[in-house]
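Please see the structure below; I have some questions.
Each chain carries a letter (A, B, C and D) given by its place in the written order, and its residues are counted from 1.
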Amino acid sequence: MTGTSLPLQSSDPLITPTDRTSALEPDGADTDALYHRLFETRQLSSDLAAPLSNEDQTVQASDDASPTKWHLAHTTWFFESFLLEPHLPDYRRYSDAFEYCFNSYYEAKGDRHPRASRGLLTRPSAGEVRSYRAHVDQALKDLGQREEGQIDAVKELVELGINHEQQHQELILTDILALFAAQPLRPAYIADQDRSTQNTDSQNSTRPAAFVPFDGGIYAVGHDGSGFSYDNESPRHDTLVRPFRLANRLVTNAEWMAFMDDGGYTDHRHWLADGWAWLKQHSIDAPGYFEKCDDDRRQMTLHGLIKLDPAAPVTHVSYYEADAYAKWAGKRLPTETEWEIATSKARLSEPNTLATRSFKPLPAPLARPGLIDQMFGDVWEWTSSSYSAYPGYRAPDGAVGEYNGKFMCSQQVLRGASCATAPNHTRATYRNFFYPHQRWQFMGLRLAEDA
Amino acid sequence: MTGTSLPLQSSDPLITPTDRTSALEPDGADTDALYHRLFETRQLSSDLAAPLSNEDQTVQASDDASPTKWHLAHTTWFFESFLLEPHLPDYRRYSDAFEYCFNSYYEAKGDRHPRASRGLLTRPSAGEVRSYRAHVDQALKDLGQREEGQIDAVKELVELGINHEQQHQELILTDILALFAAQPLRPAYIADQDRSTQNTDSQNSTRPAAFVPFDGGIYAVGHDGSGFSYDNESPRHDTLVRPFRLANRLVTNAEWMAFMDDGGYTDHRHWLADGWAWLKQHSIDAPGYFEKCDDDRRQMTLHGLIKLDPAAPVTHVSYYEADAYAKWAGKRLPTETEWEIATSKARLSEPNTLATRSFKPLPAPLARPGLIDQMFGDVWEWTSSSYSAYPGYRAPDGAVGEYNGKFMCSQQVLRGASCATAPNHTRATYRNFFYPHQRWQFMGLRLAEDA
Amino acid sequence: MTGTSLPLQSSDPLITPTDRTSALEPDGADTDALYHRLFETRQLSSDLAAPLSNEDQTVQASDDASPTKWHLAHTTWFFESFLLEPHLPDYRRYSDAFEYCFNSYYEAKGDRHPRASRGLLTRPSAGEVRSYRAHVDQALKDLGQREEGQIDAVKELVELGINHEQQHQELILTDILALFAAQPLRPAYIADQDRSTQNTDSQNSTRPAAFVPFDGGIYAVGHDGSGFSYDNESPRHDTLVRPFRLANRLVTNAEWMAFMDDGGYTDHRHWLADGWAWLKQHSIDAPGYFEKCDDDRRQMTLHGLIKLDPAAPVTHVSYYEADAYAKWAGKRLPTETEWEIATSKARLSEPNTLATRSFKPLPAPLARPGLIDQMFGDVWEWTSSSYSAYPGYRAPDGAVGEYNGKFMCSQQVLRGASCATAPNHTRATYRNFFYPHQRWQFMGLRLAEDA
Amino acid sequence: MTGTSLPLQSSDPLITPTDRTSALEPDGADTDALYHRLFETRQLSSDLAAPLSNEDQTVQASDDASPTKWHLAHTTWFFESFLLEPHLPDYRRYSDAFEYCFNSYYEAKGDRHPRASRGLLTRPSAGEVRSYRAHVDQALKDLGQREEGQIDAVKELVELGINHEQQHQELILTDILALFAAQPLRPAYIADQDRSTQNTDSQNSTRPAAFVPFDGGIYAVGHDGSGFSYDNESPRHDTLVRPFRLANRLVTNAEWMAFMDDGGYTDHRHWLADGWAWLKQHSIDAPGYFEKCDDDRRQMTLHGLIKLDPAAPVTHVSYYEADAYAKWAGKRLPTETEWEIATSKARLSEPNTLATRSFKPLPAPLARPGLIDQMFGDVWEWTSSSYSAYPGYRAPDGAVGEYNGKFMCSQQVLRGASCATAPNHTRATYRNFFYPHQRWQFMGLRLAEDA
């Protein structure tokens, strides 16, 4: 690989949005469709809360997590603060106190209720938050029915609000899992409808992953501007990559158990220094939500406490664990650039929809040579890239500018999408990011190696 | 030195239960009355929870406090574990998992849910806890209807369970106050019906407290065995006391504000070393739940955020604060022995009942010479006595023995009863105890001095 | 109830200072003797530091402990601040900065170096602290040679300074032990000269302790004003005591090992709730400085790491441990009053002197019927009494008033004196006090029981 | 810029080691020269400790810092463990216990004394550590005199040991500064010999920095294998860079004070979220070691507490502060790649030597157009690059492999060298790394911008 012969590839089909993701992208031209998606999204949040009692919606499982009720109110406050108040004349705030209660981290918006105390908010009640949502939804409808000119001015904010709410839908699910895992009664968020485990080709799950090769060269990565994206996905820019190979599937529970059985959690040689200290301090010896029941390994999931599926991707592992596993396996994690490039060979499964999805990672599919499975919809994939600004990045002005830029330190990028990611909220350029010790999201890994 | 010629003084009229407290004591002979009180008590707990949403009942305001739902379930578990299971043949536990969820601190009863995580329990729901209570109440009724012989064996446990539940009724109220004070919306637990503030004789509230004298000598203190008491109130024993004087009323908010205005919180000379460190660490400069609104001082109460009543006793002060105030005032706190002796001159007000009480300390009444006001029903009164065993005390065997004895270290005794204390749950010998930094209970002080 | 007919008993022979303690008390009349003792005491501090390198003298073993150098400087600062500056005209401070460096906790003396950072002070050097001591000693000599009138005014402060420095001599020893126990090289502070272990009557050490009876009655306790004492030992006052029995010797290592072998550290029933939490948090399963070397139990001492002597009193146990042991043994700890009364039957051994003492608790001596051994000079003895003010106590004005009074909360009283206590610094009324979790002092216990 | 026309540039003169750095590199062929440098380096460590008392050498200023004595012993242990024991037959360890005491973080070498407790080690004494050094130096001499064949096998380890000890020489200086800054007496490590401040061209210091342009394209970065380097500087690899401009000098104290005066520490908009939380938690409002004395700004330095030099580069700023400053200035920090490329235009000053250097950053020199000043020898420069592996990097096997790789998470790269860096220990490819909150090293910043 020299890199010299490669043309600029900003229109390279390799990283053209795939069929699937292009299907998911809004065209941005059709206002009706935009508002349709808006209210679909708003409805989905309510649907996600439906199986929960008011109590379930109120409690905060940990400092990382937030109560369902808070998510429902905060996403509503987001529309109220950034869209309705500035752009809908005569809009009347539902409650002045909610500004304080439901601002997440926007310093520009003033003081706010401390993050770690979100679970103290029994008032407003879950019922009142539902009224709050109805009040704002009605105003959003009013806004949507105003003449075109005005609407155009706010379309971008509507789109941002949809995507913002979709992010919180994923958090609702992961935070409920954290809460239910802390219940001695081990409740299920949703009953396990007709699990497909039995359909798993067990031979497949024990077959080693294949490594799909990619050429080195200069690739353009980052969002190309068509459809919605976050500021941190831009600017699209060239990057020089060496030849590499990427595993055609995620690391499975069966493989992780081999790591555990081989003393993976007790051999310092696999671990980053920070990871080893974290492991010692918290007595970590398995992924999150793993439990040992006699001879059995189980895992707490949104479907309750279930037998571990060996063919399913391992999930709820921290970056430290993912990195240690990769070293133990004699491989490495991919960079975020490699991952994005590799989406050109992704085999996409049916998009997850609320109706069909199982809220847990699916077993490994039968591989098709040269294609890469499970890139979207199972688990977020840790990459070896720390989260930082793309060349030329500049955060937008104002409170919206706090959305992504101020977190560009000490976090790692994850790519893909998980089983809890809202439908239509996936794309090849999406950059998720968390601290290396965090693992309450659906986080797993895929191996890479130098070619 | 002889000591041998002194008679035991267990019938000393000075410390005979007063009219009021004797009226409050069960005679212990009438089983019907006992069970009547039992179900009244059980009903009162439910009534206390009635103004609360399921969410309010679920959240834990701090590590000190517990959720209402937990109190409702724990008191029920207490009857189930100590009374029904051992003594009602064929009794079927409502749920095995509740043993783990609702044990408070009885090591003898096995592992239990961590105290600081009680607020995570969204399951069982508040509704299911109500079913749990109904299940156990029915079993208690069955037990009450069994023939005499069997019943006698358990009467003591019924009485203990009543008193235990009454303690938790007080905690329900103080813990709800802690929760509501943490709400940005500052809700009221109960509307302020016909506050008696306006009736206050304002002259009275500014009149200095009078100090009522008591002779020195040998007094018997501790419970004499008639009616219910806790193990820590026994054995009744002689104690030698020097002449002293006790203030005829509690320290008021007006007096406390004079302390504050005189730099009480910034002059180290008034403070215990531990108290000074506590004050610095937590930036304490006023009693708990005090707020400054412009020029106004307000206080968060169970009736919401209200204007501070100068004539009402100061409350939500720690032992450190109470001790500092006393030093500033040139006085001291009474010992618990002095306090108990002084009940002989207590002027008792009408007993608090659920119907009449205001859930906040009442303004200082008009004094009557030689009598002592506000000994029961306003605030618990810090004493200078650390909580320790009476001479000859021995903790009962078994889990019930963990009730009081294992806390006899590093805590201070408080005497009296507060506006949140359950009716009929007061007596002259009652020993309440908390750590010197705690102040989320209704805690105040009364001054004493050497004669 | 009268109490009025009882005579004051301040001259009761039972609590008259014993032969030994009276011999130790200064007569206070002889100025030459006072100054002789002063310079003897000053010299002893220097002698205690002599076996230490400058480095040993500089480092702080823990937040509880202080560096030797700091003790040497602080005791010097004490004389400078309370004695020389106010009372020696033209006295020139050695260094203004030392006020900040070497004030311990006197808020009245202004800001000071944080306690936990005393070990950061490499400057002034140990050598310069020695110069500081010489400077102040010279000024003290000047003061001692002034005419009588002036001297009388300061005698009390000289006496206080001597006693203060003696307290710090004990701390020098315990803090050096803490430091040396943290050294991987396990150094000895002083070589083990001719240990007396071999002389132990081994039969004696396995013979059960005898319990010496005492009558109940009214006793006067507290200091009677002859000779030096601290403010917290006064006022002498009557107290009413029930008949009790006190063990004629301390609890031994052999007995403690029986407690350990019987699961003493794993059975919650013996423990105070705070103690059980402390034990769990710090993984406590043996007294401080105990080590297990193969099948051997050893203990780090000022003589290095030595084999545990079964007949020696157990030491470096916290109040929690002492209380748990007593409960396990079916006994209790004495109150401080009982302990003080019992000194009337103390059998005193030869006073420890720097020349003779071994800096470790001696094996139990052969008992003599009716007498109580080991009350002074082996280990401080935990009592069940929390540290609080005697009736009528009032802290002195000014900085000296911070000496004792501000610590009267959450600590327990210990009585006696340890092998590290400076010679001549013991008396029956002395009240030592520490928090219940602390155990870096030479702390042990003696059992009591109701008669 | 397209990047397509650029050849691989592994021999690109732009990043050829500069005159200065090549002069500093060992040729590797001359064994005598190698051993000469070895003993020079060993001697320098001793020289650095010479102005310190034994006490200064023993105390640990903070968890980040280590005692001088520990550095002196640890570097000696490094030679003993990795070089002498494996390669010098019949080598006798100085002390087995030192393995435990002076291992820093090599898990492969077994248990070790906890990092935060290094300051507890008063034994071995500073004197004994000097003996230890002499013992090991003698053995190193023996090793150096053995016949060629054997020596060749260990040359790489000698070189590694030299570089390792040079790193610790810098830490000795920064850790002594941390210690002396914690002394109330504010000592100077070394007297301020003939400060060059007066020579500063004050016009120069107020002249804005110029931005030197660099073309985009593919550059090879990383070490080319000639001379010593650490594993983390390899493999040398191509990287694609966009056109950029780099400031020709460091940010000065005068510029930083403008930031402070403009509310830089109180406006959240400049700050990373983690940085804002850090600033709030630790009440940060100025660089480390800054002090306000009346109207004056001073800084604690190795020359004592001195008046802040406006023309000197700001130092002791964290990554959070550096990033906030850059945002406030409308610029950004350079990437580590940009910085390395820019060394091609570095104007090098005279190498620092122990004899000439001042142990503090020098004032900004007069700029020469198109050249970049102060790249080596003043302060380490924060880059926007997080510390991670170069493409193809693989940690060496064994304990030496723990040297760099296991820290590749959550840290930021700094480039250059500081006034405390040992002479001859600088090169263009050197990658230093620290956590974003750390600032006890000599850390500053240089601005960059997109071209």
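Everything below uses one rule, namely that a residue touches a chain if its C-beta (ideal position, glycine included) is under 8 Å from a C-beta of that chain, and two chains touch if they have at least 3 such contacts.
Here the structure is a predicted model, which is why all the values come from computation and not from measurement.
Fewest steps needed to get from subunit A to subunit C, stepping only to touching chains, is 2. Most remote from subunit B, judged by the distance between CA-atom centroids, is D.
Centre-to-centre, using mean CA coordinates, subunit A is 49 Å away from subunit B.
Chain geometry summary: the mean Cα position of subunit B and that of subunit D are 61 Å apart.
In whole angstrom, the spacing between the mean C-alpha positions of subunit B and subunit C is 38.
For subunit C, no residue reaches two or more other chains under the stated contact definition. The touch graph of these protein chains is a ring, one cycle where each chain has exactly two neighbours. The residues of subunit D lying in touch with subunit C in their complex are 53-59, 61, 97, 100-101, 113, 117, 119-126, 179-180, 182-185, 187. Residue ranges on subunit C touching subunit B, taken from their complex, read 1-4, 6, 9, 12, 14, 105, 107-108, 215-220, 237-242, 268-269, 271-276, 319-320, 323, 384-386, 388-389, 391-392, 406-410, 436, 450.
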